[in-house]
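Below you'll find the structures, each written out as structure tokens.
In the two complexes that follow, subunit A is the common piece, with subunit B as its partner first and subunit C second.
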Partner chain A sequence: MSVVVVATSASEWTALRVVDSLALVATATDRFLECAPVMLRDAVTGLLPDPWRWIANGLFAIVAIFAVFGLLFAFLTLAERKILGRVQNRPGPNRAPTPTFPFAKFLGKIRTYGLAQPFADGVKALTKEDIVPDGADKVLHFLAPVALLAFATLTLVVIPFGRNLVALQLDAAVLYFFAAGAATELAVFMAGWASRNKYSLLAAMRALAQLISYELPLLLSWVPVVMIAGSLSTVAIVEAQAGWKFGFIPHWHVLTPWGFAGFVIFMVAALAESNRSPFDLPEAESELIAGHLTEYSGFKYAFFFMAEYFGMCALSGMAVTLFLGGWRAPLPFLEFIPSYAWFGAKLLALILGFMWIRATFPRLRIDQLTRFSWKFLVPLALINLGNTVVWALMSGGSPALALARWPVCAAIIVVPFVWLGRAQSASYAPRTYRYAA
Partner chain B sequence: MLGTGLIQGLAVTAKNLVGSFHDPERYTTVEYPEVKPKLPENYRNFPFLVSETAEDPMGTLRCVACQICEKECPPQCIYIVKSKDKKLDASGKAQLYPATFAIDTSVCMSCQICVEVCPFDAIKMDQEFEIATTDRFHGLLLNREQLAKPNSYYHQIHPTEAAAVDALLVAARKAAEEKAKAAAAAKAAAAAKADVARVSRPVNPAAANTNTGQETRATPATSAPQPPAAPSAEAPKPPPPAA
Partner chain C sequence: MILPLVIIALLTIAVAAIAMTLRNLIHSALLLIGSWAGIAAFYFWAGAEFAAFAQVLVYVGAVSMVVLFAVLLTRRSRADLEVAPDAIGRGLGAMLAGGAVLGVLFGAVFATRLDVAPTAAPTASVRAIGQQLMGAHAASLLVVGVILTVALLGAVVIASTDREGGKEDAR
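Moving on, here comes the complex of A and B:
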């Protein structure tokens, strides 16, 4: 994967943050698999003269991100279709053929169980006619998918994919991430506006309403993490989650009351931000044909899907970084597995969760969507902010106080959850019919 | 509490996700070209001609080329040419047979009226659905050789219906034989009694047989119009042969 950070800075953060993890870094960093991406990068860019090396390193990171996440996107589409199929008790796509060449006829007989499907889809998307409506704003119509993909890719830059594997180390990385992520909704609006189609425009308006509603809980849900970690840098946040309590409970933020609540709020808001079911109102096919995708075909259409999966990967990756300990292993004896493998495993687990949710829940109505955000998620996220303050204040005192903060902080978040939840579902009751039995 | 319903829903889908891997009963689809779908017994699309044996389908067609189906067919997709000669049928009677029997499946609307009017149970509905062809005119015009399928095949696709038809055919044949025997006995007795009277009207075996055949069956065939003129009136109508 991508590498720009040099090893010396890694030890700086460890010195700053957690002292006891220094020893672990020292033992784990010199394994071959752990260093393999950096060594590969250095082997490629080391051939260049010194002044050119920094730009070559940057290009290497870009290529690596596109290669890894492009392939991941290809196979995630297949995985999604397979999982949706399995949930509906059918096998899913399983008969994309292997290509046959005159010199290798035996290839046509290999059964791939659908693994060739992404490539078949890619070829189909590339060979389809690219239709631009007469009334469309040609420039914006072309720019929208490009911008969407560009913004979605920009967010991947600041995520630490492994030890020392971060393309760009920013001090305000989390802020940058959500700024770039919010811009994707601008591209969706571009697409809807440029299509000159009423369905597209309606979808674009919905997308903006959704963005404004869910941006707030999304941002509020990670503020506690920044408060506790004391930094906006993703690398520092991962460092803050290093080490194990009693040798087996990792210091992940998700394993605290405020962290768990923040994680759940973050994931719900992330679902809405990435326009995924059950919050896929902008492309609600039963109401809006395909929403902002209505006037798109061919590879532009594929670009939208690519951006959706990139966005999903980025938000899941950020959730892993903020709450699930980033690239850190869950148990000390599992450290021999390279850090990027742990990051990948956690990322895939979250994405499978996204797919599971998509397979389960029906789409929300627009008023339910906004009400759920403003009346439930935002107050809960604000309460969680105060909860974190209580947690931080109680951690400084005696051991009894440190123990007491667990039930106190759990109560601070669970009671409003139940109370707000009751208010949310108060208007819902078993349906009564006036005339039918 | 808010969220319990969501968790229940997630549990349902997870059960399906896991269950579809180890419980083939859950599958709602089949992998079609390799695995053929099990069609419901009453599924039908286009008619076929029933023959008694699979070895000699052309020789043992039940069809006697009476052309009732041709006349009844609403879209007129059946074309029959009667034979000039006669062949022995399953019960050993000399019968006409269709020299040409063609059905244009591009015109056929699968209404099953030909099946309902056939007095000989000679035409039934098929379940063959892989009928795509590259020749839309000649490929869809099925001739007698393509239409003929043995009775065993009929039993395969419509077991209940075929068993009922066979039972009716056997019963009809037995009744006809008994009636013929009784008629012969009565005739002999009458001949013995009225030996002197030289002009006694003989019993028409054709009419008697046709009637018994139609009374025993409980199909709408009884309400079907009688053939306006029996083809080749000189040939007495046989009892329908059993399988």
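Moving on, here comes the complex of A and C:
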């Protein structure tokens, strides 16, 4: 473990540091890269008098979150289009040039694999005409994308992005996250209803049905984590996953039977909650002509997409925090890489998984969708809850008991999974493909 | 310290009052959700984080959906969403019932002896609340759960009646 903190800067920094429980708190023992964001913040806000500092610190966190996730959103749209293009055997956007400057005409237009595409999209969205239907509810039509983006952004606040990087430390952080996320369905409904378009209203009703159905497995799937970690605070949950067994197996929740089941249920429900394919029924382009987005254009439309990506980032970040060890490194000798880099890597891995799923799976029907949630995911999540209790009760005893809990808990969740799956697909299997070879 | 409370209270009451007077049912429902959010803000002001988040999760997240579903599924057309002022008799009845509830509540509030001496704000962690709910107040929690289940079953029964006759829609 090499300590690279420059002595002078570190001592200056500790002198400036004000320990406030509600904001980023760092210890001076961290390595330089680890505490670089906090040092940067203190360099910016350190000059202010004490009463104003916490406001400045809060503003700094807000600006940082918007900057990082705004840019991430911009390039995730590009990545998504590129990946979808790759899967569908086409190049994807590759023609957006960087602007040409008069003094550097000799360079010509640099196309850089379409890397400038997000900015071209942004300019296009800003300059497009903002069309509001004649019969629309003007106020709600305007308010819906704003509310959606606001709630999606609120959820990002409690996620610990690194060792010292959490904008708001709350005792009930997980509850806060899902409370803020629960309001997004309201915004979707507002958008659908205010458009005065039957497809939009239909989509809004579908969205309500879908979001209510998947709220339940989503909420049930993280309860085991709270039970085991003994806290609703995201920081404490990451803390509970510290350390390695035998020096190389991390104590992540996903590496236990109940944690793995919870993680899978969480991710499936997260796909549905963030309206991602194969659960993108509220905006199904081929049947509802984009649903609640039909009557939106220009920057309001961009807001919806921004909110969708923010929501996807937030839910993936929560999955990382709850199940994948948060910002912790997978192996002890990899700890020299700063914690936020690990968090970012895990977050991007999950988001790329989302995109892969979107490229691969066909869309579900609405009845399949709700049946899948109520008859499959909810029972499994409830069984997993009981499974966690068994796991916790068996962990207190002898080593033999602690070893026996692995097959027992795995069986408790795998047997219902197979049985429920068989029972529900019985009327569909075996499949016959009449026209395919 | 009292100023935020006044602002929150005024906003909540104003939103609820506007919700009552509006003709458009959807607007009323959305404003009602706004007033629930105001109550959550009040809990937050009072330092009851857990109650505030639970309020948002349950009311703004879930009950609001039920309200919107009810409004949209029980009306036939968009024009039907505008409610006309009803008979004076019904209005009087509503005023009487509301006044009675108000009287009981005010009586209860004024009959309660409040400690006005400044006391230290209790710091209840979520863990402590959970242990209280699961220990001392487990029975009441169960009763509340049973009541909610009964209410849900009742809602299902009401909603699933065959609408071929359309008795309540015939008006």
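The criterion applied here is as follows: the second predicted complex is superposed on the first by the 394 of 437 C-alpha atoms of A that agree within 3 Å, B and C clash if a C-alpha of one lies under 4 Å from a C-alpha of the other, contacts with A are read in each partner's own complex, and residues count from 1 in each chain.
The rule is short, and it goes like this: contacts are C-beta pairs under 8 Å (C-beta built on N, C-alpha and C of every residue); 3 or more make two chains touch, one makes a residue touch a chain.
Keep in mind that this is a model prediction, so the values were computed, not measured.
Student: Applying the touch criterion given at the start, work out whether A:88 contacts subunit B, subunit C, both or neither, answering first, second, both or neither.
Tutor: After superposing on A, A:88 lies in contact with subunit B but is clear of subunit C.
Student: Check the residue A:424 against both partner chains and state whether it touches subunit B (first), subunit C (second), both, or neither.
Tutor: first
Student: Taking the superposition on A as described, I'd like to know which of subunit B and subunit C A:271 touches: first, second, both or neither.
Tutor: Once the two structures are laid over each other on A, A:271 reaches no partner at all.
Student: Looking at subunit A, does subunit B or subunit C touch a larger number of its residues?
Tutor: In the superposed model, C touches more residues of subunit A.
Student: For A:193, select first, second, both or neither according to whether it touches subunit B, subunit C, the two together, or no partner.
Tutor: After superposing on A, A:193 lies in contact with subunit C but is clear of subunit B.
Student: Report for A:359: first if it touches subunit B alone, second if subunit C alone, otherwise both or neither.
Tutor: The first partner, subunit B, only.
Student: Examine A:324 and indicate which partner it touches, taking first as subunit B and second as subunit C; both and neither are also allowed.
Tutor: neither
Student: First (subunit B), second (subunit C), both or neither: which does A:125 touch?
Tutor: neither
Student: Across the complex, what residues on subunit A touch subunit C?
Tutor: 140, 170-172, 175-176, 178-180, 182-183, 185-186, 189-190, 193, 196, 201, 205, 208, 211-212, 215, 230-232
Student: State the interface residues of subunit A toward subunit B in the complex, per the touch definition above.
Tutor: So the residues of subunit A touching subunit B come out as 83, 86-91, 94, 356-357, 359-361, 417-418, 420-422, 424-425.
Student: So in the complex, the part of subunit B that touches subunit A is made up of which residues?
Tutor: Of all residues in subunit B, those touching subunit A are 1-3, 6, 9-10, 12-14, 16-17, 19-21, 26-29, 31.
Student: Quick check on the complex: what are the subunit C residues that touch subunit A?
Tutor: 26-27, 30, 33, 49-50, 53-54, 56-57, 60-62, 64-65, 68-69, 72, 78, 125-127
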